[in-house]
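Right, one structure below, let's go through it.
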């Protein structure tokens, strides 16, 4: 099924998730400025169609591995927004009880194997999750979201080879936002990313990450291929990064004009609204209602996170092992 | 009681656990060997023959020959562990973990803590360690102190065939990531090993010998050298206790302190380099908690702070041996009569 | 061998003993010793035991000093009257090792255990001794194994075949105890008698093994020539649940050492090796569950769940009951008030393990009991 053939409910769900990610990230950015968030964050705003376009093709038992820029993936895979916000605030009610923070948000029960502080940390883990499905005879798939920076890590190259020789049900979703930290990917990535897959005989596709429907359809094909036992796919998803590398990054390596044009011309939310409007799939009023609901949820999440208790001190030494000795 | 080699004991442990639990898999370079080639299948059964026969018994889905890509397959083992398998990954030489530290230290070891206690990571990584095979600096190290340093990992160093089987079964059944280190010069040693399956709990030292004069604490192959040293010393009328902690994490501090207090003289034998090694660590534990019982300074018998050399005479000088252990014990005996 | 010069040698207890440490001489050079007198203490990796002399005469020369370790069969001392010149004693000592070597390697000749198919069970059996006399079957207690009879089997086997049997889920026997009930264990023993081709045997049982033996006597009286019951279960209410629960719970050296020490009047008799062996046994898959099932049927809350006093009163076979006065598991007071036809012996300085703590005395009691029952 193509994205344009999705039911009204599914389309509303996709829009709600993308909108949730955007509002969540904009709000985290604002809260960071208040000084009440203890750590650092890497914001996903602008890239929403990638996470949601891929994850709309997954079910709960499928797994995803993520990156330091992971909030969007977490939301798209079903993590609780209240728990995520509390985690970012370092609170006991956080999804990881305040022990992980922004870069380690995970909910294994939802198939979210964790944001990851290590560039290139995710691909081997996704291969492992895919191996679990293969050994146990399930048709689950694993998706690893990584950036254009991780494409240059040895773990990515090793994992792509492993996945291809073992025909693992893995999708390598490479979100190319044009920058590895403050360095342009054009400066550090040799050749075309999809050709790295092609060299291994791996299926691949290059898609516009601003278009939810393009991402959705490419991912649908990759997921179906993986579920059929025909092995991995690499998706090269070109997508804009609205904020700097981290919250507080002056982002002075891009011109003001470039950033303004990016936000004006490459916004997945307005693109989505235009496409569903033109096709008369959803009404403006439906989408506006979602915007209002999402805003209320995020307000509530921040309020609850601010009010929540810090983790108790004795939790410092728990959860290191299941049993020790 | 049947006599079996260290290698056979490990092989039996893998057979038992793969037989009783379909989620146990093994993966590594040439753990079967011969895949895709024209000749014999299961050609090697692991670089040291430990996994021989598993391919025939359990098939290629659960006995997986990997590319030479330690980052990928060790990381995949971590990812599989956290999604429902009990993978046992084999790394030929512990030295090669240099190329997959991230998957062990930042991923497998940390999942449970950074995910707030929700992850269970039953991951076993087997690797050989140890000098004495003329294999020089990149195939001979005893890197267990590095793993011991990392919270979230358990570290096991069996010294006998009996311990090898029971500790590996425990490692596979354990719900935390376990680094399981096998001294390659112990593979052909033989001892009593029951046919049935059994698990030895972690953090439980083995007291191989009880003597009143001095306590020798040793790991892995060094346990054998410690035993040799006790024979030399017994002839001189010095009666030693020998403690093999079996796991460096968790460490059986109770037994170490009790035996140190009983004798008041302690020699710690560690094949690892001395800085931040197990000998240094255990010394500090004893000094902090049993200072009043000491009759002599704690002595450490370790490798020097150098890489492992190639030339036989240099390598022999590198490794602790029974003579050096006995000499250290004599020094503690002579310190204060 | 020169009758005027008699050797005292390192004994061999059980299959695995290769050497012993002479921890103490209880007699001095120049003293006269008598057969049956306690002359030395020998420590093995398993246990320390007092050795009684098997010769009498003048202890002329001590060859192995206290604290030294010697192989099984090694010359430890020489008994000879003053009429034998020193030079002959010297020559005897010098020549002994050579002669002992020429006699062949006894260690290799020692019998090894075998597994017999006994009904649904695979039972580990070690058989020693031969002859036509009625055989003995030795049955250990809860959590024990054939090692219980380290000092017993060889002594009794001088006159008859002696079979040491590991109960199901114990020692070298498979953990086949679906119910863990006493009847199941008794049926296993009868099945073992069938498998060994034994029509009728003297049954000697320790603790739970005593209850098993008594149960066999009740269910298959024609198979039982006599009963030797050492600190038996089933003859009184009280039993140490602390011991049983502690034994079941202990999976590490320290708690197991503490639990096992309650078996002995003198806990120092117990070795680290004994603790290690019990731990090794308990670690085997299936064993903890099987032991738990047996324990549930044996006792709860400090009271025995089995009462075999009626069975004891009804048995026609001769019965010997032996109790250590310092038994902390099943109190020796349970020996009081047993039926008059039961011969009761009490051992002063022993706990729950009289056949190990006072091996020579208990062996004499058992030998006399068996000889009497044979008549």
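Order as written gives the chain letters A, B and C; numbering starts at 1 within each chain.
Heads up, the rule we're going with is that a residue touches a chain if its C-beta (ideal position, glycine included) is under 8 Å from a C-beta of that chain, and two chains touch if they have at least 3 such contacts.
From a predicted model like this one, the values you see are computed outputs, not experimental measurements.
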item: Contact graph of the chains (line, ring, star, complete, other); value: line
item: Centre-most chain [mean C-alpha coordinates]; value: B
item: Centroid spacing, where centroids are CA-atom means, of subunit B and subunit C in whole angstrom; value: 38
item: Where subunit A and subunit C are represented by their mean Cα positions, the distance between them in whole Å; value: 70
item: Residues of subunit A touching at least two other chains; value: none
item: Where subunit B touches two or more other chains, by residue; value: 201, 204
item: Residue numbers of subunit C (touch at least two other chains); value: none
item: Touching residues on subunit C, where the partner in the complex is subunit B; value: 251-254, 272, 276, 280, 283-286
item: Complex contacts: residues of subunit A adjacent to subunit B; value: 63, 65, 94-100, 104, 106-109, 113-114, 116-118, 120-121, 123-129, 131-136, 142, 154-155, 158-159, 161-162, 165-166, 318-325
item: Parts of subunit B lying in touch with subunit A, wherever the complex brings them together; value: 22-23, 25, 61-62, 64, 66-67, 69, 71-85, 87, 99, 102-103, 106-107, 110-120, 151-152, 154, 174-176, 201-204, 247, 250, 252
item: Footprint of subunit C on subunit B - complex, ascending; value: 162, 166, 194, 196-201, 204-207, 210, 254-255
